[in-house]
Amino acid sequence: MRLYTSCDLAFEIPAPTPFVLMLRPRSGAQQWITREEYRLVPSVPVFEFTDNYGNLCQRLVALPGVFTVYTSAEVMTTDYVDQAPGAPFVEVQNLPDAELSYLLPSRYCESECFSQMASDITAGQKAGYDQAAAIVAWLRANIRFAPGSSNIPLSAVEVNIRQSGVCRDLAHLGMALCRSLSIPARMVVGYLYGLEPMDLHAWFEAYVGGRWYTFDATQAELKGGYVVIGYGRDAADVAVYNQFGPAVYPTAQTVCVQRLREE
Amino acid sequence: MRLYTSCDLAFEIPAPTPFVLMLRPRSGAQQWITREEYRLVPSVPVFEFTDNYGNLCQRLVALPGVFTVYTSAEVMTTDYVDQAPGAPFVEVQNLPDAELSYLLPSRYCESECFSQMASDITAGQKAGYDQAAAIVAWLRANIRFAPGSSNIPLSAVEVNIRQSGVCRDLAHLGMALCRSLSIPARMVVGYLYGLEPMDLHAWFEAYVGGRWYTFDATQAELKGGYVVIGYGRDAADVAVYNQFGPAVYPTAQTVCVQRLREE
Amino acid sequence: MRLYTSCDLAFEIPAPTPFVLMLRPRSGAQQWITREEYRLVPSVPVFEFTDNYGNLCQRLVALPGVFTVYTSAEVMTTDYVDQAPGAPFVEVQNLPDAELSYLLPSRYCESECFSQMASDITAGQKAGYDQAAAIVAWLRANIRFAPGSSNIPLSAVEVNIRQSGVCRDLAHLGMALCRSLSIPARMVVGYLYGLEPMDLHAWFEAYVGGRWYTFDATQAELKGGYVVIGYGRDAADVAVYNQFGPAVYPTAQTVCVQRLREE
Amino acid sequence: MRLYTSCDLAFEIPAPTPFVLMLRPRSGAQQWITREEYRLVPSVPVFEFTDNYGNLCQRLVALPGVFTVYTSAEVMTTDYVDQAPGAPFVEVQNLPDAELSYLLPSRYCESECFSQMASDITAGQKAGYDQAAAIVAWLRANIRFAPGSSNIPLSAVEVNIRQSGVCRDLAHLGMALCRSLSIPARMVVGYLYGLEPMDLHAWFEAYVGGRWYTFDATQAELKGGYVVIGYGRDAADVAVYNQFGPAVYPTAQTVCVQRLREE
């Protein structure tokens, strides 16, 4: 399907503040960016670089006053994400080198704590896709998806205690469970067509059967309409903005996803 | 200045043909892409990757029939490129690792053949920026810039024999001369505002005084209005399209660069 | 100084077990490996790759039975590591792209929790090297270095609660404090000549004044004799071995560091 | 088989001279380095980095006087390199991103000039391994292997004119022919057990059937005993030393490859 996405951020900056933004979706295996816009008001010098995970990041120093970032894109993405029940577990020795880092514990995925729990949840499942699917089914049934309930990320351990969280938090627990079974799992931040309430979204991917598959515990069923902005090990890697020095919070954040007519 | 750039390519494809395109300018130290468009007609699946030089490349298979690529961008770029007479030569041992590969000979820059000639041209110049500037002055005075005169790249040796060439060919000789003096030199393909006749353009950069500087032997003086599409060691690395299998030539190539009002 | 280092690991393997080892020190800015040995008994196929942090990692599948890894090296390293009181803080916007990831929170460095504490500890210090030095002085005075006290890594928050830890744990707290001040900090695992009791060691580096400097809260004063095996964001990135599947613990681990006569 | 390899280089240095050496074999898919030695006399500071092709390179400045480099290794390598008659051609669109650069022309492989010749040589062969094998058979029959006949690399075009060359030159022509058929080909420099006369050696690899295979037109048949030092697009990328400034030639170069008893 063809989507229009936009994310606008506004800040009230008290003193010159360095930012690293991650707001430029990349064309990749799962999406093609046909049109894109990225404006800063007021305009300041920007340097773009590619981080360890292949994301395009924008560095700049915001000046005192109102600072607004306008981004939008037109994206071709799939109507239905691929699903592959039965896709086999990939033995660690057969994983591509680049995916090994997605097996390790990370800031918000204390995967070393979840071995027993993951075994219990996936008991009787075929190793691979079906384990990841069982984890997501368990999350849907047991962890309450409470959008807007927290601003700071919860780690997998914390989510498991609270039994509720925002999209990002559910992904943390899902990934920690997958990694504890030696299934690489990575966090995705982006847009989802039809999300209620509309906002930036987060989900995760698991590497089984030789490729990455999309999983999302916040939705009753897995449809399409996903647009990826960035990948990482968890929320620490995929903040759409990191700001350094005294904290500055957005005074406005507007996210929009609309379906466009096919050309 | 604020520029609108576009490059459209049309092909008549006889049989399914793999392409690697390089037509997506990246935001970087010297430019900021505020708006971009990239459409393929008919639409085919595209996979984007980053090559060894940091360029974004698009892989696809064009299907039989007419195949058209439409790309355009709005870019903030500088009114005047930086110049730095007197900027010192960087000793090889002090070059960043990443720049060392731009010292080696490459397909169209047989730099090992030009030591004596480079010494002669730069006699009396301070090592560094002034050497590169002397090389460009020599090119302007001695090699005829003949846009449209050839379709296949000429190597530095060939350009030196013919004493004429297109923009890409002049860059090859300029880079070979710089490299023979142990000055890293890299090829740039992109757009230039005001180029006559309008077309894609090629020039080179030399690394002196701790950074890359722009040089262009095809212009009487160095102004601004440059938009970079890609970097590489020579024309072999920065083709805006590489096509594999039986040769297919564009039936149309339209390039446009216009100045936009400042916002 | 010229050092001989060795690390031997023995395992009793119950079932085929994938391992990723990180036991090959690389020649770099701070050390030069003149001789190296790396043997596996029994011999199994090994694939080496470079991870996101530039470390050489060795992948293999250990077979059931006794599995032993013998590594040793002769290394030229400095008698005294560089110290630079007064070296200035590098503004985030001026950091190299590659160092930005060392500003983010990671599994064992919850840097987002330590802003106030870091400010208190470094009150009155010049921003930069002196802040990192004050943090290390504070660690020496307040956190008990208890070698052998734990096998599993403690995060910065946990170390701060327990007020004691092994070398790795002290490094976690030191790094979390540095990062909360926007000073990049990275973990180092390796050898230290004269360490008591002898074992593998961990310390950290902080990026100030345009380069990385060594800090080690476990030693009364900063001398030389450090040999780096690997860099990372914290202990999750620099395990000398990661093993996947049912847990397997070393039955023996022997570490040796000796001084050799200068050649 | 288990091999001992060594390469010693001696230079008479007139003035401080920057060098980039490439003399440290890496453990990889096809070999495992169990022991290694790398000494410089006199000792000078060395910085090691990884180049675009994954090779370990050593940067240093040699001081006036005699400068000697001693390197040796013990390596486990295969008794017979893999051969795969019938292994299929990989369509360009299915090649890994990283291998695409090995399709392009390079300094000594003017692959754009060899389409017709490659078609003729491989007429009737199944696309893939058999084409590369036919190219090597043709080289054996038509290009004289003349070790020691030249010090400077010959490009594929030059080799084809002279009808003779050293190992490196034959590899250039073989790679240019492969690339003109859209088969990725890369140069390898290293050691070969039993080579007559003993020296550093060069050969090439072609990517077919989903992996790299070894080809060597200088040997009557393909056996094992190969030890890789470095990979690249051609001789310009894999010089075991590059030296900058006024030319300095080795006063001695000693290469040794011996078979060791299995452990």
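Going by the order they are written in, the chains are A, B, C and D; count residues from 1 in each one.
Assume contacts are C-beta pairs under 8 Å (C-beta built on N, C-alpha and C of every residue); 3 or more make two chains touch, one makes a residue touch a chain.
Listed by chain with UniProt protein names: A, B, C, D = Transglutaminase family protein.
Owing to the predicted nature of the structure, the values given are computational and were not obtained by experimental measurement.
In terms of the stated touch criterion, subunit C and subunit D have no partners in common.
In this assembly, C is the chain whose CA centroid lies farthest from the centroid of subunit B. In a homomeric contact, the two copies may use the same or different surfaces; for subunit A and subunit B, over half of the interface residue numbers are shared, pointing to the same surface.
In this assembly, the C-alpha centroid of subunit B lies 30 Å from the C-alpha centroid of subunit D.
Averaged C-alpha coordinates put the centre of subunit A at 43 Å from the centre of subunit D. Computed centre separation for the pair subunit A/subunit B is 36 angstrom, with centres defined by C-alpha atoms.
Listed for subunit B are no residues, as none touches two or more other chains.
This structure has the following touching chain pairs: A-B, A-C, B-D, C-D. Within the complex, the subunit A residues that touch subunit C are 18, 20, 49, 51-52, 57, 59-61, 91-93, 97, 100-101, 103-107, 109-110, 112, 152, 182, 236-237, 242, 244-245. Those residues of subunit D lying in contact with subunit C across their complex are 24, 26-29, 32-39, 43, 45-48, 50, 54, 56, 58, 76, 263.
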